[in-house]
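Shown next, in structure tokens, is the structure this report addresses.
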Amino acid sequence: MKIGVFVCHCGTNIAATVDVERVSQEAAKEPRVKFSTTYRYMCSDPGQNLIKEAVKKHHLDRIVIASCSPSLHEKTFRKCAEKAGVNPYLMEMANIREHCSWVHQDRVEATAKAIELIRLALAKVSRNKPLEYLYIPIEKKVLIIGGGIAGIQSAIDIAFANYPAVILEREPSIGGRMARFDKTFPTLDCAACILTPKMVTVSQSKHVTMHTYSEIEGVKGHVGDFTVTIRKKARSVDINKCTGCGACYNKCPVRVPSEFDMGLGKRTAIYIPFPQAVPNVPVIDRQNCLWFTKQKCGICKKICPFEAIDYDMQDEIIEEKFGAIIVASGFTQFNHAVYGEYGYGKYKDAITGLHFERMANSSGPTGGKIIRPSDGKEARDVVFIQCVGSRDEQKGLSYCSRLCCMYTAKHALLLKEHNKDAQAYVFYIDIRAAGKNYEEFVKKVQDEYGAVYLRGRVSRIFEKSGKLIVRGADTLSGAQIEIKADLVVLATGLVAQPDAPGLARMLHIPYDRNNLFTEAHPKLAPVETITSGVFLTGACQSPKDIPDTVATASAASVKALGLMVQDRLQREPLVAKVDAKTCSGCFACIQACSFTAIEEEEIEDKRLKKKRLIAKVLEGVCTGCGNCTAVCRMSAIDLEGFSNRQIMEEIEAL
Amino acid sequence: MTATEGSPERKRGKDKKDWEPRIVGFLCKWCSYAGADLAGTSRLQYPPNIRIVRVPCSGRVNPLFVLKCLVNGIDGVLVSGCHIGDCHYSEGNFYARRRFVILKRLLEYLGIDPRRFQMSWISASEGDKWARVVKELVEEIKQAGPNTEFRKGI
Amino acid sequence: MPSEKFFVKEDLYNKLEELSKEFEIIGPRELPNKGIFYQSLKNTRDLYLGEGFAIEPIKRFFLKPSEWIFDERFRENKNILEGIPLPADKRIIISVRPCETRGLTLLDKVFDSDYKDNFYINNRKRTIIIGLACNKPAKNCFCTSMGGSPIESRGMDVLIFDMDRGLIAEILTDRGRELFASIGEGLNEGQRRLLKEDKEKKKDLVEKKLSPPEGKELDKIFESDYWEDVSRPCIGCGICTYLCPTCHCFDLVDERRKRLRCYDSCSFPDFTLEASGVNPRPTKKERYRQRVFHKFDYFKKNFGENLCVGCGRCIRHCPVKIDIADIVDKVPGLKKE
Amino acid sequence: MRYAYFPGCSLHSTAKEYDLSTKAVAGTLGIELIEIPEWICCGATPAHITMHLLSLALPVKNLLLAKKMDSYEVATCCAACFNRLKVANHFMENDSVHRDKVNEIIGEQYSGEVKVRHFLDILINVFWLKNLSERIIKRLDNLKVACYYGCLLTRPGEVTQFDDVEEPHLMDDLMKILGVEPVDWPYKTECCGASFSLTKTDIVLKLSGDILQMAYDEGAQAIVVACPLCQSNLDLRQAMINKKFKKNFDMPILYFTQLVGLALGIDPLKLGLNKHIVNPLKLIKSVGVL
Amino acid sequence: MIDRIKKKAEELLRTKQVDLIIGYKRAPDGVSVAPVFIDKAEETKELIWDTYCVYNLSNYLKDFRGRKIGIIAKACDARSIIVLLQENQLKRKDIFIIGVECSGIVDEKKLLSISPQTSELGFDERCRSCKPSKPPIYDVLIVQEGQRPQAPRLEKDPYGSVRKSEAKSISEKFKLWQEEFSRCIRCYACRQICPLCYCPRCVADQTQPSWLSRAHSFRGNFTWNVTRAMHLAGRCIDCGECERACPVGIPLRDINKKIEKDVKELFNYEAGLSAEQKALLSCFDKNDPEDFIR
């Protein structure tokens, strides 16, 4: 073993308080050290060339760099070692700058400590093993969980790069929450007009397959090799045969409240959620269909010209492999029934923003007329209440949902458009309109559309002779306000989907106490998670409006495509490894591994001449935390790069 | 060179006066090691008695490492990791916390001065806390005195 | 110079006090409800002269449980091996059982024959052994069957008999004579007669009898399943070997740039584990059979005597009550006289 | 069922009928109410506005008196007394700073071990409505009332733990058992002006007026209350309200205990029905109880 | 009671339900008891059961992996079987547990020192604070008829002795344990007798890296004993075999009880309750104590 020690001056950063020459001489006296020198800037090109020449000249096989912190130049010196013909993992650094020269002024003590730190590095490097980078094959396909605008945009970007994407959507059609909107702020484009073309491009793209009316059952494996179990719920309609002619759902006798229309309108048992549904294939709601409940009717099957209806279709479980996963599971609304002040949700005329969207929508249940759900009369005085659930630690959410101020302003505008003598009153705490043209939009609603903005909270809503009496305060004028409103629209906040924790556990990604998925780093890695290969987009990470959602969708797609373009993913070889002879199969490591990166493996034990189970590390999944090595009583499992021998050698040299 | 002899530069004073404590710190590379780096970049001064061993996570530190250090005559051992909830590997420090409370109480039960083995949570932005912890540690170990329990190699 | 001396305990204690200036005095000491252990006695009154048996034999003062063999220094880019200086201070080990000293004579055959072990030989030279005859052998002692007896004196410098009124020391070697020159006085007729009677009485005190098999008989049953059955309860710990006055297997290991010699036991699973991973004695059967054959077959072929002094320690301290005498006695195919 | 009864100042004076009817009902149903000997003022609103410690020490003194009667449950009718006793228990149990200070003032150790129940709570959750309905002799049919809970009875929710803070319904449930039809009206917990009655009477006239108006609009023939202050604001001030707002309300303000008494067949005079400003007897005759 | 055990063992062997029965038989010295391994039905008459049957036979299960084994198990032995099941060392279907109701086992070392007059029956100190007399897991239970000398239930607080020694000063504790550990001869009987020490290569035998010094110095002995205790944290079910097997009388149970107490008080975790239990050090709780962390 021939070790080369290279002590860096780092200009004066080190040389000022550490006698680098003497350190280099002392290091030369250490056992197994063949060559030791100093240079002003070891990380510079001349410095690195010095290393390369020294390696050639003295046939060095291991290198110790005494300079700055590894978090700065570990990669640099590893590449330099590789170019010099030394395995990159036979190089160790002694941090004699941040941990020595900068923090100790006494020259004698600093020099002594620098020598000891080099001795530690020498001890460690003497036990290093040459390691090769790990390469994991990448499955060239991306799974997108959720078919809202986030999922659709991701699918379009992935398909654009000619890589296959699979959209997994729980509802019968893609489109998500946005499909229910009427207009979008601030441009007032009709939501369907800007969404449907994207849905069509997705449905026609040969790179995108859609599993609608399907749920995710389980995820196994790791980046590059995710195995996902999908349950395709029985649609009772054969997608390939059905042309979407609509004969069936026009004849179906059943009328039940439509979830898509938030219960304002009705739908049949065999139905498509909304006219522009993609795929434009109906689904049979087995809870309400007369055939499934009472074995009666069956009209749809009879009149279907293409025999697409198949009552005894069963759920289908399929397994597919993916290289990356984009989570776009979206949001749901805060349940305003927790507020007694607003009547615990018993007033039919106290609706949420989405109800208003459905009413405003021309293809909605009310054909665009803003009416009072209780008696169907057109609503004249409408009160909008902001921050319902948001910014309320007691009964609601601690965070601000970001976009309610904007959609309420839009609603106030739509109200005026649909009924010119209607009057909107908006109770708010602060108007948050930070996006592009957002503030101007709100200003326009206040000035041109006469919306009355009252800064104050509503203390009570109660019904009196058919009207909703809204009691609130106007803190700017100090007056107590009482408005007899025809309709109250509650701007409920955005919360995570109810099954978000379940999905997070399946994907091994962390989530915060509001069940919103946690990003790898709030500033520097907002669309990634600490589980490599799993990316986040849209409101499932935190409430977002459509522009931000589309932006994060494209960002997540780039991250996923980053994996797709490589046929093999290079990974640091600093992963755990099991010594079969020593492992007793107690699997304390499997229980302790937070990344389920260890599996049971059956081997033929020569000594006992029997098959037995031992632990096996999945190199792709292992993040190298080393927790299993500390839990293993017989030290059968060891971590490359920070192995027991390396650390124990460092301890001996202390 | 074993700790008992120590490097030639460091005098092996027998009595407490001119004895300098030898302390080892197992620092997790994502938080505490970065915290120590920050202390460096902010030029915070602290006594040179501590030697840092870099580990990927506080969860990597095996109780036998701490035991090996104490038994080799090291005067003080510190294990430092990310604050609970910040761990880069999400749960490493939870396991470390549970493992080392057992070891610490056992060592104390067997007569090892509790000050000799300590733990701390230091995040990558707490350079000042790192300098403070090292100062306090050196002070406490100075009071605890040299590790005579295992020094004489009995 | 009379070969027997009579004196009382007080004289012995004072003599030891005086000798302790020149010699390190080692003797058995009783630790309440722990057992009797040989320790270097700071105050000679702690010396235990009763009937009990020390748990660890005096083997550990000659073949030390663990000792550093040599050290490695690194000077001027060269690795230099430095020997460890042999201790020179003189020692007296007193109140030693005859079986233990007889064990030493067997160890001498190993460490002081064509293979010279300096550490062992140095320890033997610098130690004077004063034995104490057994008044009350334990129920698992069977030294008489192995050629020994409660009053056996081979390997001792002086053998002391504990008579009820005082102690009679039988001087055996010059070192012993020199030591006991200034203590007590010669025997009178009555005491000599008492001594002879006491010797006769002690000879047949040992009840447990065992007729050790001949080497040939053992070889015949090397492959028999008998060894599988008797070895099943064995848990593979090191008690019987470490506490046996005659077991002398050791292991070499390098630690902290120094080489260490320490006891090893044939019952440990990886005693014969080879670097290739092959273990010629993989199961308890081979390992226990090795223990019996080494004691009653191989050693006899090499050195003419059985490697067992019948002290009964391995039976007394075996956690699972394996009785080697009973096993050897009931070996299949042994012709019973 | 034995309780240490804490009547409170109103029930010995302006709200005598509440006391009479409570004792009458309890007596008929066999609920033993033993008045706490030498009970003192519960502190009510004036105390906790002026000096918080005083507003805790007074009720704690009463609770200790009850404890000496070795009955660990206090029954009370007045909403203000109920509120003060509950708040005192809450602080003495959870807030060690106040506990030590109050114990130091009183010179005895107390940490909230005496339970406090409102009589309405006793009727519904201890005596059980089922048993009560079996004891009903005369159902008060075709009588429509508005149950008015006021503020102190239910708030603050986590301290009183009495009923739903926004939508209380206990009195409504009780009325149904008596055959009375409770009106679903929004002013169950609206403010009646409380102690402004003396200092700023016009506020009380406005607020109580709104309550009367709402009850009238919802078709209630009378308002049922459980707090002497609500009763006096709605009953005593009704004439002034009529004069000021040119209304002609003739709305009797009854205590729930009085209606329960009538249903149990107790003589109206024993229930103090003759002590009201707005005479309820006319309404009762019309309903056919007498 | 013993004939019911014999009958059951004999039936198991005859019907081939098990290949081997592990039980107790009289030792050659006629008084004490030794483990016995019976594979022929007629040999089951050798089986005995009395207050000398101290061994935790589950220690031998690791030698017969994969074969059908019948084992006689007291309450403490059964608890160690549960831990072995929890750690995938045994398959429940391979083990037929003949549960035996036990009322206390004799401590032979103490018997030697007790003079006959005292009424003490020399019961093992461990049996005095043993909670259940019935094994928590068994296939058949041999109930004890008639009254056999019952081990007196002494201390209510099983950790009384631990708390006493915890209260001592640091130097006092160190001196005590230094003296105890310096007597250790590293025979590893405590490891070999313990049913939970089943590692194919113990860290004590490993030299790369050399976790602990093989030298018989206090340094090596201290490391060995702490390593053994730490590796039993949350696993040791206090069968007391280690202390019984130690030839030099080191109070090993005091060490295990200390960790057992801490683990119970800190994490409310008890070893050997159920085979589905998670290993103590392989899980954590959000609010584990961290008062000692700066």
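Per-chain residue numbering starts at 1, and chain names A, B, C, D and E are given in the order in which the chains are listed.
Just so we're on the same page, contacts are C-beta pairs under 8 Å (C-beta built on N, C-alpha and C of every residue); 3 or more make two chains touch, one makes a residue touch a chain.
Because the structure is predicted, anything quoted here is derived from the model rather than measured.
Note on connectivity: the fewest chain-to-chain touch steps from chain B to chain D number 2.
Comparing chain pairs A-D and A-E by the number of C-beta pairs in contact, the larger count belongs to A-E. Using the mean of the Cα atoms as each chain's centre, the chain most removed from chain A is C. Set against the C-alpha centre of chain E, every other chain centre is closer than that of D.
Rounded to whole angstrom units, the spacing between the C-alpha centres of chain B and chain E is 36. Mean C-alpha position of chain D lies 67 Å from that of chain E. Centre-to-centre spacing of chain A and chain C amounts to 73 Å, using the average Cα coordinate of each chain.
Under the contact definition stated at the top, the residues of chain C that touch 2 or more other chains are 256. For chain B, the set of residues touching two or more other chains reads 2, 63, 68, 91, 95, 99. The set of chain A residues touching two or more other chains comprises 581, 592, 607, 631, 635, 644, 648, 652. The part of chain B that touches chain A in the complex is made up of residues 1-3, 7, 9-10, 22, 24, 29, 33-34, 36-37, 39-41, 43-48, 51-57, 59-63, 65, 68-69, 72, 74, 88-92, 95-96, 99, 131. The residues of chain C lying in touch with chain E in their complex are 31, 33-35, 37, 55-56, 65-66, 68, 139-140, 229, 232-233, 235-239, 242-243, 251, 253-256, 260, 262-263, 265, 268, 270, 284, 317, 319-323, 326.
On the chain A side of its complex with chain E, the touching residues are 581-589, 591-592, 607-608, 610, 612-613, 631, 633-635, 644-645, 648-649.
Looking at the complex, you find that chain C touches chain A at residues 74, 77, 79, 256, 277, 279, 282.
Those residues of chain E that touch chain C in the complex are listed here as 27-29, 32-37, 55, 59-60, 63, 109-110, 113, 183, 185-189, 191-193, 201, 205, 207, 210, 213-217, 220, 241, 244-245, 247-249.
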